[in-house]
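Before anything else, here is the set of structures, which you'll find just below.
Same chain, two partners: subunit A is paired with subunit B first, then with subunit C.
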Partner chain A sequence: MTEHKIETPKERLNRHKAMEASAVLEKIKHDYKEPPRAMEYFYDLYERVHCKHESLHSDKAKVGTMCIQVPSEIIYALDAVPLRLCNGFYTDDEIGSDFLPSKSCPLVKATVGQFVSNNFSDKPDVIISPTTCDQKAKSGAIIESMGFSVYDMEFPRTKESHESREYWRRSVRKFTKDLSENLNTKLSKKKLKESIQKIGYAQHLYHKLNILRKNTASPILGKDMFLVTNAFFFDKIDSWIDAMKKLLEECEEMVEAKVNAASKMSPRIVYTGSPPIFPNLKIPLLIELCDAIIVADETCSSNRMFNDMVSVDEWFINDMIDSIADRYLKGCTCPIFTKNDDRKRRILDLVKDYKADGVVYQAFAGCQVYEMEQRSVLEAMQKAGVPILYIESDYSPSQSGQLTTRIEAFVESLKNRKRRQQ
Partner chain B sequence: MNYFAGIDIGSTAIKIAIVDENRKLVGHKISASGSMFYKYAKQALKEMLDELNIDEKNLVYRVATGYGRKLFKEADENISEITANAMGAMAAADGKCNIKTIINIGGQDSKAISLDDEGNVVNFAMNDRCAAGTGKFLDVVAMNLEIEVDELGEYHFKSQGTPLAINSTCAVFAESEIIGLLGNDHSVEDIVAGVHYSIAKRIIKLLKRVGINEGIYFDGGPALNSGLVNAIENELGKKIFIPEFPQITTSYGAAILALESYEFENKI
Partner chain C sequence: MKKIKDFINKADIRRFRFWLQLFFFVLFIYGGYFAINLGNSIPVFSCGYDKEVGGMCYFLPLQHQLARPLDVLFSVASISVLIGFVTFLLWFIVFNKAWCGYACPLGTMQDWLTGLRKKMGIRFSTYTQPQFDKLKKIKYLMLALVIFAPIGVGMGILGGEWRTAFCEICPGRMITPLFVGDVSQWSLDFSTKTAMILTSLGLIFTGLFVVGSFIKKRFFCFFCPMSAMHYIFSDAALLKLKKDGDKCTKCGDCYNVCDMQIKDIADDVKSTNILRDDCIFCMKCVAACPEDDALHVDILNMKLFTSTKGGFAKRMEMDRLEKKND
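And now, the complex of A and B:
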């Protein structure tokens, strides 16, 4: 037998991740009705970054962010790129399991796992860890102990009070100052304004596309939308904007032509809960395989990222920074807040605006806040007469038959309801 | 000269090994088990002796092993395939590898066995619930891809893209996954590599149950598939040892036991 070289641990890990990513891309590309042609860009992007491990930002300073609370506007204005580190790889989840309690949330385990293996296509130079959920906050310290540079960004646990608003504003100002020192760049008024506008433009494109999903014949499936929004975690922002424009144009034409990404009777779903992050798009993929369509979502890996724009009264540096701070705190509907009626309100609004037939709520096993808030969201939905399905899930890739059965049953009950109402 | 036979009656094949008084493997044979184990096993043994020119009365001890071992009435003794496998592996490695862990992939099951310094079995794990990851599964894969089983290795090394993961743990679903991949125009090479890696990952899980210790030995027919060997080595990050005739290790072990039992009885 001829001798063959054995892979290095790094090669093996990259192969595992490539295999995991390509298995999911395979489903996304082929198991559903034909997607818009402009999705090719995104499919290709994931392949380049997650299967071929291509680096996109070798020329820039990279700021890793552990949660959406870190203002990207400021990072771009300092000539660096924000890379969101929330991770969806089962491969990394398994590695992280050796470093965290077994009952931790898979997202946190996968994020830590990525640092254990120290394997990045684009390695962050500094990591910003907002003190949002406990598991995130504590894993920041674990990552630091592995020799990475981690900056704790203090984040309040309530958002209604004046005190927390002031506290957070100070926190963002401090962050801006510290980061600019760390990166050795001075923040200019012009750059900050430009970056607010650029992100605002990205959000504007997202909103326009999102609104098209209100049509009875939605041009795009939720699984593709998750892919588009997840790409914002790591893509070059200008390329993302270009790709979005093309997608938007095509989807507008599709709406014109009444092309329906789903079938006529497909129940319309609002998705909420722990964030689906590529390649763990397990539940969204299952929902749409069961002949439903996700028309909107309330998750921090998609809609919540783009929901609110920074609104500025005066274009002075400090005003801009305060406005940015406000947008991140006020707009956030994450369950880490002590109480969060905003979240229920937003889900209900989405159900109404997008004429949804039901809600699917995913909580990662081990994510206390989403698990705890589940009950009150369920009650709110029941009170409003909105059917809701609660699912606990993890990152393991084996297709769980039980999950399919539950989702199928839920989708069918929605279909029956629809038929009877007509 | 006295001779000793080990007869391994497996689900898909009957393997016979014959050793002489000096523990030397003088002959081995593999034939299909078919539906009449006993008849075929007897016939195969007879043919074998004829080929080797051994007089039947010189065959002084026979040990049967494998899933059909109880059906072989002429056996002087029976032995489980776990023990036989371990003994055969030690003999086949012949000091070239200090075996601590055995991987065996058979027609319809796969095993992991861990040994102590003396070659005694300390632990073993078996995956016999499903054909995914067994020799039978590789046959089905090759059939679906319209290639020969012994070409799988060659295709594996020609894979250029990402090996395509097969996530189903059930052979039936795995088969439809493969057909799906073919339908989406993926190359046979990438699918073959994906199959090998998926089997390799499952094997590693099995190995972890018994503990992976340096000195890893791989036998059973699929050990002839260099692609699968490569996949397992990559998953382990270690080289593994493949004997010259990986398909017959278990019968070889049974033959060695035959010799030892005979020596013990006759106090040689």
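And now, the complex of A and C:
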């Protein structure tokens, strides 16, 4: 007789999350043209971490970050690992709903939900909450009230002024000092330089792969790119780099052989807005199921995370820290900032550079800043004659019927436009 | 062609600049020993008080010329003044402010002091933005001194010791001759009260020059009247520092490396011509920009050196992984 075990609530939750993750993984793996072989590593990684709850960093201090503004360079230099806590699980979103107003952003709810269920394959030892948008800033406090250790890292909401630069530089210096005390490790010049260069190298690889997507026959679909960049949230950086190198090599060969991940008439899309985070890759997956291809994006779960690189003039600790601070503030195109001009310029440049046919703008229902900036981006695109589709979405798996219709219609219109232009 | 371009864009501009600066330093300071004479209209501080100078700073002859009585100044005799000025312009127009970044001996010396500081592991200091905005005006006052003091002498308003008033206070006069073993400039002129004041100011400025540029990158260039003079003509120059604002992410990397703290280089996404009055055209910003073609140096509208992702990664040693530290 087999022993009958009663499932604990935590186990049940894990099972639900595993089901959610593996359903999406199955789709990603099988519903599209054959992906590059090197993607296997990433599929497997998600399976290990999100379905089997394998821990990757049991030997290291783990620093959870609520947003990309927390400098990973410093965390790595202090011998810890950064883990980005932005969460894409519908299961967690539902749990978080009890703790936040019902109209809150699903990403924030899901992040809080994960802390409610206290369910991590790698549990962060300390949580860094940069005070970016209101919902994130407040949820930091909510998480703290659940007994987790949360550090508020003060972040300015205007980025043009000299004062904001100074303010943020001071914030980053303080963060460095406090984290180093918290982790009881001293920051060395050598370590910091090494970690700047290592992350720079990871970025360099990402850029090289990205450039390949400019080809008319792009070797890789956007859904795979999101998987690759999302993996940077939690993977061991060295393993990520190795996998990326292999993927890059393979994609280079594919370009050489003119292999196209999409079809010849597939409209090329620039994706922007609220960040698609595994397993909520709903919109990118729909777009590419409708025979379009995402060739570039402007989101903090992908391109924005890798885009700007740290540049140092003199390799002294303070100088390096200031340069790091600037990279996180100055180049960032997040809509939480007072002005959205940089973001519009960036999207337009991507459209031009990647010869895109249209833009898809996703805003999570409840994410005020992305919803608010929708107008300004739409205006800018219309002025430039770039077709754009605005979609509001959440984490629930239910609305996909209606969304599919809208995306299909948009992709069809882009195709028609393409035909006429030819 | 593409290969050559790629080679240039990935070049280690620091090293290139170091050697070029050394070359010009030797040329200007010791040129006389090799019978080299590039004339006396050089658009940077290659000091005429150095007996072996290989080409002379334009300010020395300019001040002498302007100090003539007005009727002489506006007569046929001024053809020589005009020729001097045209020669200055010709030198300048080709290379623009790159004279500052690559040829000026006084600029080079400041970079060496910076190098020394770096070797000693001391961090540089910077001005705050309001300080900077105030200080940068001084160079126009200095330029006014260069031009109006001698004219005042010519008109008989000022005494003869004002003839080369700027040279009296310019650190170039005391420092440059040192390199050929000449210390004669290190003295106070007691002949008149004005001369005494001016020469003591010279001593003070020289001291400031050495200490200042040890702490602050290109300390003196913020106040340099030559730089102000350059700026007046720089629009006509062939070599240009250009920016494509559409490609710029405002990341500030360029601003970070800029010795002259020029904010526009990062923040201004509207101007295409991004050369500002303080700029020394060192091209460090182009080398530090991680966006393809956001910043570039053009000659006659041809891209000579442009920012590239690959070049950035190479210069920052990010294009390969040194070793694993896991």
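Here is the rule we go by: the second predicted complex is superposed on the first by the 417 of 422 C-alpha atoms of A that agree within 3 Å, B and C clash if a C-alpha of one lies under 4 Å from a C-alpha of the other, contacts with A are read in each partner's own complex, and residues count from 1 in each chain.
The definition used in the following text is that a residue touches a chain if its C-beta (ideal position, glycine included) is under 8 Å from a C-beta of that chain, and two chains touch if they have at least 3 such contacts.
Note that the structure is predicted; figures quoted are calculated from it, not measured.
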item	value
Which of subunit B and subunit C A:K123 touches, first, second, both or neither	neither
Which of subunit B and subunit C A:R48 touches, first, second, both or neither	neither
Comparing the two partners subunit B and subunit C, which touches a greater set of residues in subunit A	C
Partner chain in contact with A:E194 - subunit B first, subunit C second, else both or neither	second
Touched partner set for A:D326, first subunit B, second subunit C, both or neither	second
Partner chain in contact with A:D313 - subunit B first, subunit C second, else both or neither	second
First (subunit B), second (subunit C), both or neither touched by A:K246	neither
Touching partner for A:R417 - first (subunit B), second (subunit C), both, neither	neither
Touching partner for A:H57 - first (subunit B), second (subunit C), both, neither	neither
Contacts of A:H4 with subunit B and subunit C, given as first, second, both or neither	first
Subunit A positions touched by subunit B in one structure and by subunit C in the second	none
Residue numbers on subunit C that touch subunit A, as the complex places them	118, 121, 123-124, 128-129, 245-257, 263, 266-267, 269, 284, 288-290, 309, 312-313, 316-322, 324-326
Residue numbers on subunit B that touch subunit A, as the complex places them	157, 161-165, 167-169, 173, 180-181, 184, 194, 197, 226, 229-230, 233-235, 237-239, 242
Contact footprint of subunit C on subunit A as seen in their complex	160, 162, 165, 191, 194-195, 197-198, 200-201, 203-204, 207, 211, 236-238, 241, 307-314, 316, 318-319, 322-323, 326-327, 330-331, 333, 342, 345-346, 348-349, 352
For the subunit A and subunit B complex, residues of the former touching the latter	1-2, 4, 6-7, 9, 11-12, 15, 18-23, 26, 29-30, 51, 397-399
